[in-house]
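Each of the next two complexes has chain A plus one more chain, namely chain B in the first and chain C in the second.
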Partner chain A sequence: MADILTMGMDVGSTTSKCLILRGGKDIAASALIPAGTGTSGPRRALEEALEKAGLKREDMVCVTATGYGRATFPGADYTVSELSCHALGAHALDGEAKTVIDIGGQDAKALCLGPEGKLLRFLMNDKCAAGTGRFLEVMARVLEKDVSDLAEMDALAAGMTPISSTCTVFAESEVISQLAKGADLCDLVKGIHRSVAVRTASLMHRLGVEAPVAMTGGVARNAGVVRALEKELGTPIRVSPLAQLAGALGAAIYGWRKQGERE
Partner chain B sequence: MSEEKKNAKTVLRELQDRIAQDAWDAKKRGEKVGWCASNFPQEITTAMGISVVYPENMGAAVGAKGGGQRMCEHAEGLGYSADLCSYARINLAYTDLKECPELEIPFPDFLLCCNNICNCMIKWYENLALELDIPLILIDIPHLEEESCDADRVKYIRAQFDDCIARLEAITGKKMDYDRLREVMAISQRSSRAWLRAVGTMANVPSPFSGFDIFNNMAVACVGRGTVEAAEAFELLADEYEALAREGRSSFKGEEKYRILFEGIACWANLRTTYKALQSRGINLTATVYGPAFSFLYQNLDELMAAYALVPNCNCFERELELRVRDGLQNKVDGAVFHMNRSCKKWSGNLYEMERQFREKTGVPTVIFDGDQSDPRCFSEAQYETRIEALTEIMEAGKGAGRNG
Partner chain C sequence: MDKVKEMLSELHSVCADPRAQLDAALARGRKAVGVLPYFCPEELVYAAGMLPFGLWGAEMQTSLSGRYYPAFTCSLLHTALEMGLRGQLAGLSAIMVPLCCDSLKCFGPNWKYGVGTVPVIDVAWAQNRKTEAGEEFTRARFRRVLGRLEEISGKTVSDGEIAEAVALYNENRAALRAFSAAAAAHPEAVSPLQRCEAMKAGYFMDRAAHTAKLRALTEALCSLPESPRRGLRIVTTGILADSPALLGILEDAGCTVADDQVAQESGFFRTDTPVTADPVVGLARRLGLAEGCSVLFDPGKERGRELVKLAKAAGADGVLWVMAKFCDPEEFDYVPVRRMLEEAGIPLLAVEYDQQTASFEQARSAIEAFAEMLRG
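And then the complex of A and B:
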């Protein structure tokens, strides 16, 4: 069991993440491709991770697929919901975390963890895309910025221009009208982040927030959203540098545990 | 005349078809036919021999047969908001189009509305009365904040009950026979007790039947419980379920690995998808408010008034919660699925809090999904699948530690 290789494949709506785990603990390689389910992303992520590790797919004892496109990923030995995988992954990245926020491309999740990363309960956003990664992408496009620029712009904001609409389309119109009025771009970004934070915080409050709180998923890379959420929740949020890989990591751990049960 | 004994499912389906046909036949004979709200005291019309049909049932059937979106879009084209109940939109579209390939019901000569199921319904029926230029009889049942229905409320409802009879006599030319009313009340009690006996078998492990069957059988419980045929059909159903339970057998396909409470109206337009995602994982529905919802227990006319005030949708939050918690615990659920039904303001308005308190009081994992009773545009199959899969994983993990509760 110590040296066996398991692969976790997180096929998201906007990105594909692949992670190879040695002995259920050490990350041998990982890859992240900004193209999700239904694209070449999953295949490319898999190939890149294998290449980095100098391994072949046959070297994997098992492959566990998770994420929005988990059911369509070819050749997976296991498919597991991203809820369970993010819980496992978040626990592996931060063993103390009790509550996890995961904001991905098209959904937001609040998870309550038990011992060993066991998922105790969860809540997800409703069908609306507000408060998700997609929401931020749409807003960045309106501002003619890359989504990766938003965190820095937020840090430079002197004030905040509030965005009140929760609908992505209406919020887009609101941002456009604020731009037309000459609102400061950084202040607008801060307002956008706050609107994401308020929506996510309501999900968290319904679930019950127990510290320490960790954040996973692509949006965790945006320090502006993290700061806004910390303010709304009134508690610090821990973010691992591998936060976006938490789902793939959890999937690889799941596969490793399953192998353990078999042996 | 000998006839092979039919099972309850067949008897109920045939009875439902016959009740629908009776309304068409009455219409053809020139009798007055009504459209009626699902929780309206059916004892009145059954005792008077007046045929009524149920637009809510039509909305469910049209949704299940794939016509929901088309009808809803037509209603929206007429100017009705997409935020309105999809049963209302389907019915309002039918009122305008006068046809619906999935299911048609005879057009009404009068309307019977009762707001113990939903207050929005009043506006729907008022609109119908205006559009069709026909009389509307409303029985207003105030929302219950207390544990029981007090004498003043009974008096208030009784006055409307009596007024309704007088108005129906004038509209239809049929007289109320109070001996017949007492008989219908007795038959309704028989039906209700049999219905409760049938759904009560869900407490067995395994449950003797697939809980989604309730969504099919409740149509007769709603429209025909004052008839001897319905009482006999439900007694047959209860007998069948009890026999299966005694033998430890079940009509649920596959092993019953998990038991859940399903909260809310079914997603008729996505019934197969919502069912398969559960059934394929060995999840059986063993608790739903529809179990107790169509049982109206009373001994006399005053108690009948109170019974119609004590229906689930007419109650305060605390009673509604208690009903579900009790049902969930009695029927040994491992989890619960809450349907955020975009159509139903009454049901979705307090759903988040209902889910939170249910989860805390029962200790079982829960999940909420977005959907609609008959408008398929509000449902996302992928989101539903993910939520059910995660719920299953939690229930599976919890099995090692024994049942919660």
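And then the complex of A and C:
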């Protein structure tokens, strides 16, 4: 068991993440391709991870698929919901985390963890893009910026232009009208982040927030959102550098545990 | 097993095309009355010789109903109204509309204005349903409903005929309870969707025919060899849990419906109508006895206590709340009932649903995760 290789494949709505785990603990390689389900992203992520590790797919004892496109990923030995995988992955990244917020490309999930990363309760956001990665992408496009610029712009803001609409389409119009009024771009970005934070915090409060709180998923890389959410919740949020890979990591751990059960 | 499959498939066909049942009744010269949920005294329709025809909305897109209802009205009423506006309910001699939630209160006026040709019978009952005065109020209102039904059917209904209809409906309820237990004991033979359809078919068929079918089905199920407990046992709650997609996801996730507290299902069959000298008193009293539905005035939230009891009795692993989108009564119940389940240590998943939902991927993730969580 110590040396067996398991692969976790997180086929998201906008990105594909692949992670190879050795012995259920050590990350042998990982890859992240910004193309999600229904694209070449999953295959490319898998190939890249294998290449980095110098391994072949046959070397994997099992492959576990998770994420929005998990059912369509060919040849998976197991398919597991992204909620269970994020719980396992977040626990592996931060063994103390009791509440996990995962904001991905098109949804947000709040998880409450028990011992050993066991999922005790969870909530998902409504069926719309508000407060998710997609929301930030739409806003970045209106501002003619890349979504990766938003965190830095937030840090440079002197004030904040509040965005009150939670609906993506209405918020887009609101941002456009603020632009027309000559609002400062950085202040606007801060307002956009606050709007995501308010929405996320409401989801978390419905679940019940217990510290320590960790964040996973692509949006966790945006320090502006993390800061806004910390302020909204009144508690620090821990973000691992591998936060975006938490789902794939959890999937690889799941496969490893399954092998353990079989042996 | 083949017999079971055959009967389930017949009941499926009834739900797949309720209009065929209505047409068949009309062709035989029987009048039909549309019955909106909840707790309408259907027995009176039956006693008047007419077919009570359930109106629980349908999975369809709506466009015309938007003239009368805002977008934030539940899909049950949007789609029921849409069917009326599109003429899909032509042939009904009337519809019965209970006045038990804000959106239902507007249904009658909307229908009168938009559909016009099919008269509306308002069904009011006392909020204080457990008091003597409440019962008397409801009795008086039900008598008034009976008067309207007599006008429409052209037939004077005797108390004896009402008592017969009450007995026939109680038999149907008993048959439904027996079927529910048999289905839970044989998950290999009855899928969650088949369970639901077998129950739902009663809203479109003649109740006596439905009882006969259910009895035969239950007998066939009971003659099957005992099946070992398999999969997860779930108790469902909510207004409607009849979505083929949602129930399919539940089945894929290895879940059996062990019992339910769903208005469309056990909301109909859990409580019998008491037999009373004046049978209309019994119909009014049934409302005072019923529990477990968000449209019933329930200040102590008996619904939560009943749900905990049901879940424990069914040996359930968890509760699935199919939350009707834009339904105020359900949303109001959610927090106190959730707390009661939490206190009892019963895991709960709420999945929002409306009959216009096209994509179930988020529900799939949530239900799969719930099943994984329950399996530990």
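As a working rule, the second predicted complex is superposed on the first by the 263 of 263 C-alpha atoms of A that agree within 3 Å, B and C clash if a C-alpha of one lies under 4 Å from a C-alpha of the other, contacts with A are read in each partner's own complex, and residues count from 1 in each chain.
Criterion: a residue touches a chain if its C-beta (ideal position, glycine included) is under 8 Å from a C-beta of that chain, and two chains touch if they have at least 3 such contacts.
Predicted model, so just to flag it, every value in this text is computed and none were measured.
Participant: With chain A superposed, do chain B and chain C clash or fit?
Facilitator: Superposition check on chain A flags a clash between chain B and chain C.
Participant: With both complexes overlaid on chain A, does A:124 touch chain B (first), chain C (second), both or neither?
Facilitator: Touch partners of A:124: chain B and chain C.
Participant: Considering only the touch criterion stated at the top, classify A:84 as touching first (chain B), second (chain C), both, or neither.
Facilitator: After superposing on A, A:84 lies in contact with both chain B and chain C.
Participant: Taking the superposition as given, does A:68 touch the first partner, chain B, the second, chain C, both, or neither?
Facilitator: both
Participant: Between chain B and chain C, whom does A:256 touch in the aligned arrangement: first, second, both, or neither?
Facilitator: In the superposed model, A:256 contacts neither chain B nor chain C.
Participant: Taking the stated contact definition, name every residue in chain A that is touched by chain B in one complex and by chain C in the other, in rising order.
Facilitator: Common interface on chain A, chain B vs chain C: 68, 80-84, 107, 118-122, 124, 126-127.
Participant: Okay, in this complex, where on chain B does chain A touch?
Facilitator: 340, 352, 356, 359, 365-368, 370, 378, 380, 382-383, 385-387, 389-390, 393-394, 397
Participant: Note which residues of chain A are touching chain C in the complex, please.
Facilitator: 68, 80-84, 107, 118-122, 124, 126-127
Participant: Which of the residues in chain A come into contact with chain B in the complex?
Facilitator: Residues of chain A touching chain B: 68, 71, 80-84, 107, 118-124, 126-127, 206.
Participant: Write out the stretch or stretches of chain C touching chain A in their complex.
Facilitator: Within the complex, chain C contacts chain A at residues 347, 352, 359, 361-362, 365-366, 368-369, 372-373, 376.
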